[in-house]
Amino acid sequence: MLDSKIPEGPLAEKWSKHKDNIRLVNPANKRHIDIIVVGTGLAGASAAASLAEMGYNVKSLCFQDSPRRAHSIAAQGGINASKNYQNDGDSVYRLFYDTVKGGDYRSREANVHRLAEVSGSIIDQCVAQGVPFAREYGGLLDNRSFGGVQVSRTFYAKGQTGQQLLLGAYSALSRQISKGKVEMLNRHEMMDVVKIDGKARGIIARNLITGEIERHSAHAVVLCTGGYGNAFYLSTNAMGSNASAVWRAHKKGSFFANPCFTQIHPTCIPVSGHYQSKLTLMSESLRNDGRIWVPKSKSDVEAIRNGSKKAIDLKEDERDYYLERRYPAFGNLVPRDVASRAAKERCDAGYGVNKTGQAVYLDFASAFERYGKTEVLTQGIENPTHEQIINLGREVVKSKYGNLFDMYKQITDDNPYETPMMIYPAVHYTMGGLWVDYNLMTTVPGLFAAGEANFSDHGANRLGASALMQGLADGYFVLPYTIGDYLADDIRTGKIPTNSPEFDEAEKQVKDEISALINNNGDTPVDDFHRRLGLIMWNKCGMARNEKHLKEAIVEIQELRKEFYAKVRVSGSADDFNPELEKATRLADFLELGEAMCLDALTRSESCGGHFRDESQTEDGEALRDDENFTFVSAWEYTGAPSEAKLHKEPLVYDNIELKQRSYK
Amino acid sequence: MNITLKVWRQKGPNSLGAMETHKMTEVSGDMSFLEMMDVLNDRLVREGKEPFAFDHDCREGICGTCSMFINGEAHGPGRNVTTCQLHMRSFKDGETIHVEPWRSAAFPVIKDLTVDRSSFDRIIQAGGYVSVNTSGDTQDANSIPIPKHDADEAFDSATCIGCGACVATCKNSSAMLFVSAKVSQLSLLPQGKTESSERVLRMVDQMDIEGFGNCTNTGACEVECPKGISLTNIARMNREFLSSTLTSK
Amino acid sequence: MSKTGILKSSLSKKYAMAFTGLFLCLFLVGHLLGNLQLFASGPEGQSAFNEYAEFMTTNPLIKVMSYLTYASILFHVLDGFVLTLNNRKARPVKYVVEKGKLNSSWASRNMALLGTILLVFIVTHMNNFWYVMHFGEIPMVDGLKDLHTITLAFFNPQINSLAAVMTLLYVFAMISMGFHLNHGFQSAFQSLGLNHPKYTPVIKFAGTAFSVIVPAGFASLPIYLFLIQS
């Protein structure tokens, strides 16, 4: 039976009461307790730093060559916090409400409220660490607005907010490493969880440089290993982002929650060719100033595709600003799932503006003009020419999004100051993840999950600038407290030995898997299979899903998995630095997880947030929830094969929010 | 287009390396340099040979993992780009491209084009942080106004991605640009100012211990830096180190 | 506090290079101003130059300055040598292809080479004049050592068969010095942390001007003396 351990009492007091009541470990005892933190993104780095600071002995692992490279670094737009510095009516409750609504009522009230409560502390903490957030001329922090909300609560550092926040957490981690409280293992990949007497007591890791299989024991293991968007092969995730840690944990008993909840980000650079290795995001913040459109008439679409017309040749009344048309209240700033589906709808209807028919315009022309006019006034220029206005406006836009525009130009060879950007949705984030209780512990005692790796806060769709908030909230302010409740029982346990039969067995299993892959007599490179998995996932478990496709996908993935083990070729050796082997072990897990995602999507026959079932939509094509039958978290228990996973349901109880059909009109 | 690649092959840290030649056909200009390397590796695997090991991760120019010395320059011919954002349209049809790892005593080669940059981590560990606990019970974020200009300048310094192109480019393998960017960021902000004196001493010490060379102000690092980190950071660090050594007890 | 200490730190070595370098720049100005007297011809020119030479070798204050100059040169050379060795060690395996010219000036990459040329020149130059003035046999005019005549004779092809070679050597050395200064002058300010968006362009301009005017001034003398005497 799933016990989410949500504290009793009124929503706004749950967290503070819980903190007051959970058990603590005294400082002298913390010195005798070991914790392994896997992953060094926002959640991992902040958790490792905080736990070490509290006095625990922390071992931190990352597969990258430095903890600073975790993919949180690539988050662009910003981080939400209900500071209400802009005096636009923001509050903890409003952030909580927006997040639950944005998640299409599939997240836990208590978790989300806690997230909103600690959001302000994150900003305080980061400023104290020297994170250079954008400021106004008065020297105070600046904010911008993001999709799905009607206040400006997003703190940012140009288009590099994730980088700055991660470097802040990395610096806190570095401080603890220098004090000897964190042992940092770069280029180490977790291969499995080791369970002793039902509790997580350590991990098996591979030293990626020497290939050595290592045993690490601890009293608790924390997984902060991010999401599994790379199941789609093409995504905005980093090449190394993988789901192996969470999938291995799942196979060792942690339930996997809502695996089908994936976020497709509306503003990414379209695919350019079959060699494409990843997709690049253009920050959602661009939708503050950019307007999304396609031509109204198909003849214009044709003309643009064959090059006889350009975007700028089309007059205002020949353009269909479809988001503004369909969602007048939120316009271009509708949540991500809505914006993505709207783009897909237009492109499927034949209005896509590039050769593949899978692109829409993101146009800054009116922003140039609007900002230019303000500049003209502030600079006191009389009788400005249109060109002068536009140029001044361009400068303003450049100061806001310069790095994004440069990146766009670098990738596409098009100048977005002259011609509208072309964008298309791409896989970006996974709301699903390991099921955790209020304390962030999975169904395996002693095994915790934080950040994108867990499922708890974003429901079926994450709002922009909330991933950074959640990662740091979990790592700095939630997990360090809640983990004490579990570890309080371990003060007399003493060091966990690594020579137990459980470690022997786990190590042997990992070694066997690796040698099977290395010695497989195949002829096909790993990426080949990954691309094929990605294609199945994108076409049949992507922005829109239906029963037929999902059933097909499950069979196709099963076949692909068989073929993978029969035909894959992993060159090099197991006792060496071998990126091909790394890819192979990760893909082996994606090949199972992909099936779990499809199975979950099949089971959830309603539409909600990022999960859109063709069978469940309103008359005008919006996602139609089925609250009566699906107001629950799907928590899957592994029983030997992905297809045989057992579904457990955690009912979602809404005491404080009324469930409504989400409307952004 | 067609390309001739000469790529550094080195089995391990202690082995000798050499350039290996590979012909590439049908290279698209829209490919990133790393995607072109993917295509080469794909072919090598199919031919039963070992692919080239190279570091890469985000492929959007921000994680700082990719690290190739291409045609005599860190991150290749482009300016303000990392290798992953360098596209093949920057090269001519028929061109011969040399690909080497970063070369520095402080960045030993692990394999082929992959190097170990943990020396950078150790420099940050020596003092590249503000000594503040993560309790969150600090003062309100807006309690100290910071002049926009200072905040922007600190941000510019903070955009360093720690890729090591400065070291790779510098004829002396000096890490001054990297170290000074962090020193600058933190000393420009009131939160970091408090311990700026100890910080610069400790970070420079660690930099010297790691075996980086000395800065001779050639300015090459600034030119090749994918994030355009400015030489003024180095000047600021020189200034701070001088005053810190003269005034430290 | 500092584990490596002020004297051993890589930055301190740079400060030493900068200080000694800038001091030597001052020396160059003084030396050039004195030498320009060689443009004055006739007996007045001769006695004025000889008086200057006498003053420069006997005045106690100048003596102190000259020892400082020797020390600076020595320190600049030794420090430069140590830095260069360190820097070589920092990259044990060289690049197969390296295109430094795309990101830095030739002079900035070849300071050690230029410095070595200058060192050779300084030794030659001191042997030609300084040694003669201090320890050599030298005719006396009006009770003063006649360095003027010695100098003129050195660049006179009728008297010194190597005059043409020496003139070329001196000019070559001054060109090297020009490049050395072109990078070194502004580099010294950067090393000392004297960098400011407003003033750095001025310093850079001054450095360029200095690196052209001073070596050109020096080089003009052997050329002039050689030409008027041949």
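Note that the chains take the letters A, B and C in the order they are written out, and that residue 1 is the start of every chain.
What we mean here is this: a contact is a pair of C-beta atoms (placed from the backbone, for glycine too) under 8 Å apart; a residue touches a chain by one contact, two chains touch by 3 or more.
On a predicted model such as this, the values are computed, not experimentally measured, just so you know.
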Answer with line, ring, star, complete or other to describe the graph linking chains that touch. line
Tell me, please, which chain's centre (mean of its C-alpha atoms) is farthest from the centre of chain B? C
Chain B to chain C, mean C-alpha position gap in Å, rounds to 37
Express in whole angstrom the distance between the two chain centres, defined as the mean CA positions of chain A and chain B. 26
Indicate the whole-number Å distance between the mean C-alpha point of chain A and the mean C-alpha point of chain C. 62
Where in chain A do residues touch two or more of the other chains? none
Can you tell me which positions in chain B touch chain A when the two form their complex? 12, 28-32, 34-36, 38-39, 41-42, 44-46, 48-51, 53-65, 78, 80-81, 85, 87, 89, 110-111, 114, 116-118, 120-121, 124-142, 145-148, 151-152, 154-155, 158-159, 161-162, 185-186, 189, 191-192
Chain C residues within the chain B interface of the complex: 1-4, 6, 8-15, 83, 86-87, 89-100, 102-105, 108-109, 111, 183, 186-187, 190-195, 197
What does chain B use to touch chain C in their complex? 6, 8, 17, 19, 69, 71-73, 98, 100, 103-106, 169, 171-174, 198, 201, 204-205, 207-209, 211-220, 223-224, 231-232, 234-242, 245, 248-249
Complex contact set, residues of chain A against chain B: 46, 49-50, 53, 64-69, 71, 73-74, 83, 85, 118, 121-141, 157-158, 160, 162-164, 167, 170-172, 174-175, 177-178, 184, 186, 209, 236, 238-240, 272-273, 275-278, 280-281, 406-407, 410-411, 413, 476-477, 480, 523-525, 527-528, 569, 571-572, 576-580
